[in-house]
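Order of writing sets the labels: A, B, C, D, E and F. Residues in every chain begin at 1.
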Amino acid sequence: MRIHVVTPCVSESLGGVEELAAIASPGVEVTHSRIESGPASIETRVDEALALPGTLAAVRAAGDADAIVIDCMGDPGLEPAREVVPGLVLGPAQASMHVAAMLAQSFSVLAVLDATVPMIEELALRYGLASKLRSVRSIGIPVLELEDDRGRMIDALSAAALAAVEHDGAHAIVLGCTGMVGAADAVAARLDAAGLPGIPVLDPLVTAFKLAEALADLGLRPSRRTYPGP
Amino acid sequence: MRIHVVTPCVSESLGGVEELAAIASPGVEVTHSRIESGPASIETRVDEALALPGTLAAVRAAGDADAIVIDCMGDPGLEPAREVVPGLVLGPAQASMHVAAMLAQSFSVLAVLDATVPMIEELALRYGLASKLRSVRSIGIPVLELEDDRGRMIDALSAAALAAVEHDGAHAIVLGCTGMVGAADAVAARLDAAGLPGIPVLDPLVTAFKLAEALADLGLRPSRRTYPGP
Amino acid sequence: MRIHVVTPCVSESLGGVEELAAIASPGVEVTHSRIESGPASIETRVDEALALPGTLAAVRAAGDADAIVIDCMGDPGLEPAREVVPGLVLGPAQASMHVAAMLAQSFSVLAVLDATVPMIEELALRYGLASKLRSVRSIGIPVLELEDDRGRMIDALSAAALAAVEHDGAHAIVLGCTGMVGAADAVAARLDAAGLPGIPVLDPLVTAFKLAEALADLGLRPSRRTYPGP
Amino acid sequence: MRIHVVTPCVSESLGGVEELAAIASPGVEVTHSRIESGPASIETRVDEALALPGTLAAVRAAGDADAIVIDCMGDPGLEPAREVVPGLVLGPAQASMHVAAMLAQSFSVLAVLDATVPMIEELALRYGLASKLRSVRSIGIPVLELEDDRGRMIDALSAAALAAVEHDGAHAIVLGCTGMVGAADAVAARLDAAGLPGIPVLDPLVTAFKLAEALADLGLRPSRRTYPGP
Amino acid sequence: MRIHVVTPCVSESLGGVEELAAIASPGVEVTHSRIESGPASIETRVDEALALPGTLAAVRAAGDADAIVIDCMGDPGLEPAREVVPGLVLGPAQASMHVAAMLAQSFSVLAVLDATVPMIEELALRYGLASKLRSVRSIGIPVLELEDDRGRMIDALSAAALAAVEHDGAHAIVLGCTGMVGAADAVAARLDAAGLPGIPVLDPLVTAFKLAEALADLGLRPSRRTYPGP
Amino acid sequence: MRIHVVTPCVSESLGGVEELAAIASPGVEVTHSRIESGPASIETRVDEALALPGTLAAVRAAGDADAIVIDCMGDPGLEPAREVVPGLVLGPAQASMHVAAMLAQSFSVLAVLDATVPMIEELALRYGLASKLRSVRSIGIPVLELEDDRGRMIDALSAAALAAVEHDGAHAIVLGCTGMVGAADAVAARLDAAGLPGIPVLDPLVTAFKLAEALADLGLRPSRRTYPGP
C-alpha cells in the first residue's frame, strides 16, 4: 500500500513524512509531493484559494496511490480532489474532528493565529460537528515559526489546551496545524502534569494518515453521489 | 455608486450586465469583468477550485468599486475575496438564500445538473440555512446550454418548481444558476397558472445585485473578525 | 416608489422618517403613520400584544405603498401584516439579523433593557439564526429615555458592543431598538478606536428600509404558502 | 384548586369545560371565560393578533385561579399572559408537543386547514421541538364546522393520522385544534383497527389541562427571567 | 390509581415515597420497590448498566400499576422498561427537563459529582433539549452523603443555582439527583433572597410523579412505534 | 497488537473473528469472547439492557488488549465499557456512522427488523450525526436468520440500499447489524449493477475493527473527562 501526502504550499516542509513513516503500518509506503507554485504557508482564505490549482495537480500526479492525505488543517482542496481521483482522499481537519467526536463529548482546536480561527470554526460547521466544538483558541505563532522554537510552541499549545479544558469545557484537544506534527504527546503530558489526565490530544496529520491506512485497507472511497465530478 | 460583477469563468457570458443595468437604481453604474483563464463554466467542485485564482485577481482589479458581486451560484471565492478587498463582496447563493428565508418559511433551489446538487446543499449548511432548505432539484441542463433554448429552460424550471412546492414543501424557489437570469418572472407565472400563486421565485444574481446596492449605500462591509485577511 | 413606516406605539417618535428620507434612493418617498391607541413604547410581550390590532390597522391603511417597514425591533405584527396586505412587509429584527449573518460568522444584539433580552433571543430562534447569535446584552436604558441623552446611549452601546466582541465572540453588532437610529456609525467608530476595526454595526430600521427598497424594486413579496391569510 | 380556561375567540364554544370537568382531579374546579370582542375563530395569524388584547384582559380577570389554560392550539397570548399574571399559564400546543416528545421519538400534528399548517410548524420551532415534528397535515375542515358533523371530523382525522404514521414516520399524533376535544380516543381506535396499535393520540386542550393541575399542585410557575414583565 | 416507584439501586433509600405520598392527588396510591442486587448508588455509567436487569425485573414485578416512575436522574432503564410493560413509564430527567423547557427559555441542571455531568448532558441531547440546556454544574457531594447534612446540600445547591443563573444564563434550575428530593423550595427561596425571584426550581422525582398522575389519568402511554418491544 | 472482540449475546456467533483476522494488519492478533449469560441476540432495548452486565464483565476480562470492539450495531455497553478499562473501546455504530459522514454528505442504515429502527435513529442522535442520517430501512430478517440464507439477505439488503439512495437521498449505506459481516461488497456490486456506482457500503464491525487498529496504533483513548468512571 502507498499513501501519498500532498503539501499544499511551497514551504520547505517535508509534510511530516518522517513522522508518518515512523508510524506507518508494515508494508505501507509513504510518498510526498508539494505544489509547484502557490502560497508559502496557509494562514488565510486567500492562501487556501491560491493553493487549490496546484493541490489538484499534485493529487492528479499522485498516480496509483492507495490514498492521498492533504497536509494542511484547512483541508484545502479536499472536496474537489475527491472529484479528481476515484480513490480515497482524506484531510486532517475532517479526520481528526470526527475521531475527537468519537472519543469525547466535545473538543477544542488550537489554531496558529487569530486569522485561522473562523476558518476552523467554519470547517466544523461544514462537517456537521459544530455542536461538538467548544472553542478554537489561537496560540499566536505563525506557521513558519512553529519549527523555530519547539519549546515555545509546546508551551503555548499546553497553555491553550489547559484553558480549553478548564474554561471552554473541551474533553479532547485537536492540534490546529499540520506543522504541529509530533507535539501531541508533549501537550498531553503537560495536561496530565497539570492535573488533567486522560485528555486525548490529536495530531491531525497523523490521525488522517492512520485513518487513510484503515479505510484504504477496506477499499472504502468517497461517495460518487456526493462527489460526482465531471 | 459603481457595482462590479465578476464572472468566474471564461465563457462568453456578459454576467447579466444588461439585466442588472436595467434594474439598477438611478446613479448606479454596473461594470463587469471575467477571469482571464480558468473553467468555461462552473459545474463541479474542480471548476470552482480552478476559478479561484482568477476570481481573486479580478476582484483585486475591480479597484474602487463600491461593491462586488460574484456571478455564479456556487459563490466561488466569496470568502477569500472578502480578505482581498476591504469593501463589500456578495454572492448570489448567500444573498438569495437569506432573502428567501426572510420571505418564506422554507425554500428549494433548482440546480442545473445533478452534480451541483450536493454543492448547493453544502452552501445552505455553511450559511446556517440548512433547516430552511427543503430540496435541491436538478433540471438536467448544462450551464452552457441554458441560453440555447430558453423555452426548454423555462419548462424545466417550472416543472421542478412545481414539484418542489407540491412534494418537498417549498414555500419559495431560488433559481440555482446565474445563467438563469431573467427567468424568475416566467417561472412564477407558471406556478400561478398551475394554481400556486404567490410563490416568490428569486433570481440569485439580481437579488445579490440589489442587496449590494442597499448594503453599499449603508456603508456596510464584511466583518474583519470573520475575514481578517493577511 | 413609496415605502411606508408604521410605528407600533403611540409615542411622539417620528419613526426615523428623517433619517430614512436622508438615505432613501432617488425617487423613493417615505411616509409614516403611528398606531392610534396602544402602548407608549414596546418593552414587554404585553406591549407587543397590545400593539398588534393598531399595527394591523395601520398596515391596512397604508394603501398602495410599495413596501411597509415596522418601526420596532420586536417585529410586532410582521407575520400577520403579511396576511393583511399582499405586498412586501419587513421588520427590523429579521432584516438586520439576516444581513448580519451574511456579513459575519456571528453577531450580538444590544437591547434596551433586560426585559427585552429573552424576546430578542426568541426572535433569533424563530428566524432560524440562533446558531449565529452569540449574545443579547442590555444597556439598561428604557426606550423613551434613549433620546434624552444621546451621549449616554452611545457610551452604553459602545461598552456593550466591546464586551460582545471581546467576551462573547460577536463578529458583528446589531443595535436592538429602532429608537437607536443614527447611532451605528458612532458605535463602530468607538470599536475602531478601541482596537477593533471593521466590525459591522447594523442599525436595524435603516437596514430594513434599504432592504425594502431593494426587494420592492425586484417585485419580491412574502410567500402565500407561508402567509396564506384569510 | 381552580383552573380557568380562556377561549380567545367570541364563538359559542364552551371551551371544552364539560370535557375538562369530567376528567378533572377531585377538588379541582374548572371555570371558563371567553374574550368579549375579537375573532369568531382562530385560523390565521390575523385572527391570533386580534385576539390578544381580549385574551390578556380575560387572563387578568381570571383573578386568583391556580392556573390558566388558553383554549386554542395556536397558544395565542401564552407568552404575554405569563407577564400579566404571576401564576401558571399553559397552552395546548406547547403542552401537547412536549408530552408527545416524552412518549414518542416523533410526532405529527393534524391541523384544521392548510392556512394553519405554517403556524403550527413555527410553534414547534419556537418550542425547540422542530426535530421531533414529522409533519403537519391538514384535514380541510374549518374550526366552526368541526362540531357540525363529528363523524366526518373523525374520518378525516383518522385518515390523516394514518398517513402521518405510514408516510411521514410519526410515532405519535397531536390533534391540531382545541375544537377537536373528545376525538382522541376514536382516532386511536381507528389507528388500532388499521393495524397500528399503540400510537398515542393527544388531545391538546385536555393534555394542557392535566399538566396545569400537576404543575399547579407543585407550585411551579413560569420563569421571571424568561417573562420579566413590566 | 396506583403509581409505583422503582429505585434502581440497593441503597436504603425509600425512593421519596413519603414526599410523593404527601403530594399525591386524592385517590392515588404510591407503592415502591428497589432492585434486589446491583449498585449502591448511581454515579457512573457502569452503575447504570449494572442496575438495568434489576430495574427491568422490578418494573415487570410492579404488576398492574397505572404508572411507573424510575427513581434516578439518569433515567436508567426508562426506554427498555417501556418495552417490558405496556403502560406508562416516566423518568425524572426526561420529565423535569421537558417541564423546565415549558416554563423557561433555558435551564441548568445541578449534578452531584463531576462524573455525572457528561451523563446528564447526554440525556439532554437524547431528549432533543440540548439547545435549552445552559450548563450542568456539580456540587461535589456523593449521592450517599446528600442525606447526611442537608444544610450543606442546600448551601451547595443554592450556590450552584446562583452561578447557573448569573453566569450561564439559566432561567430555570433542575435538581440533578432524586436524592435531592424536598430541596427545591429551599433553593428557590435562596435565589429569591439573593435578588433572583421567580426562578423555577424543579425537583425531578416529584415532577415525574405528578406528570405520571396526569398522563395516566389521560390514559396516555409510550408509543409502540418508538418502543416496539419483543 | 491485540484487538479483542466482545460479542454481547450468547449466540454461537464467532463475532466475525475469521473475517477480521483476514483483514487485520500484519502483527495484529484478534481475540474473541462472548458473554456468559444474557440474550441470544440483540433486537430490542430489553436485549441490550440484559446484555450489559455480561458485556462489562467480558470487557474487564479482556485484560491487556490494545483495543476492544463490541460486536453489535447497538453499541451496547460502549460508554460504560470506557469507564471499566482505561484503553480504547469502539463500537460498530459509532465508528461506521462517523466514517460514512467523512466519505459522504449523507447515509442510510439498513436494520434487521422494524423494532431496531428507532434504536438506530437514537444512536445517530446521540452521536451528533442525526443531520447526516437520511433513513433507517428494515429488511425484515431476524438476526439469527441472517446466516441461514445469505442470498436472501443480500437481496433484501440490496433492495433496501437501492431505495435508500433513490428515495431517501442516501449517499452512503451502513449495514445495520454486525451479523451482516461480509455482505458489503456484494451490496455495493448490486448498486453498481443497478446504475448507482460509487456508493460506499460500510460493514460496521469491520470498520470499527480497522479504526481500532489505527487509533490504538496512535495511542488514542477515550477522554477521561467524558468517561470519568469511578
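Points to keep in mind about this one:
In the analysis below, contacts are C-beta pairs under 8 Å (C-beta built on N, C-alpha and C of every residue); 3 or more make two chains touch, one makes a residue touch a chain.
Just so you know, these numbers come straight off a predicted model, no measurement behind them.
Any chain touching chain E that also touches chain F appears here: A, D.
Among the other chains, B has the CA centre that is most remote from the centre of chain E. Interface of chain B with chain C: the two copies contact each other largely through the same residue positions, with over half of all numbers used appearing on both sides.
When each chain is reduced to the average of its Cα atoms, D sits farthest from chain A. A rotation of 180 degrees, rounded to a multiple of 5, brings the CA atoms of chain D into register with those of chain E. Distance between chain B and chain E, defined via averaged C-alpha coordinates, is recorded as 51 Å.
Separating the centre of chain C from that of chain E, both taken as means of CA atoms, is a distance of 42 Å.
Multi-chain contact residues of chain D (touching two or more other chains) are listed as 105, 118, 122, 128, 131, 171, 225-226. This structure has the following touching chain pairs: A-B, A-C, A-E, A-F, B-C, B-D, B-F, C-D, C-E, D-E, D-F, E-F. Per the touch definition, chain A reaches chain C in the complex via residues 118, 121-122, 130. Within the complex formed with chain E, the residues of chain D that make contact are 23, 25-27, 86, 90, 94-95, 98-99, 101-106, 127-129, 131-132, 165, 170-172, 185, 196-200, 202-203, 206-207, 210-211, 213-215, 217-226.
Across the complex, chain B meets chain A through its residues 43-46, 48-50, 52-53, 55-56, 77, 79-80, 82-84, 114-115, 118, 122, 125-126, 128, 225-230. Within the complex formed with chain E, the chain A residues making contact are 105, 131, 171.
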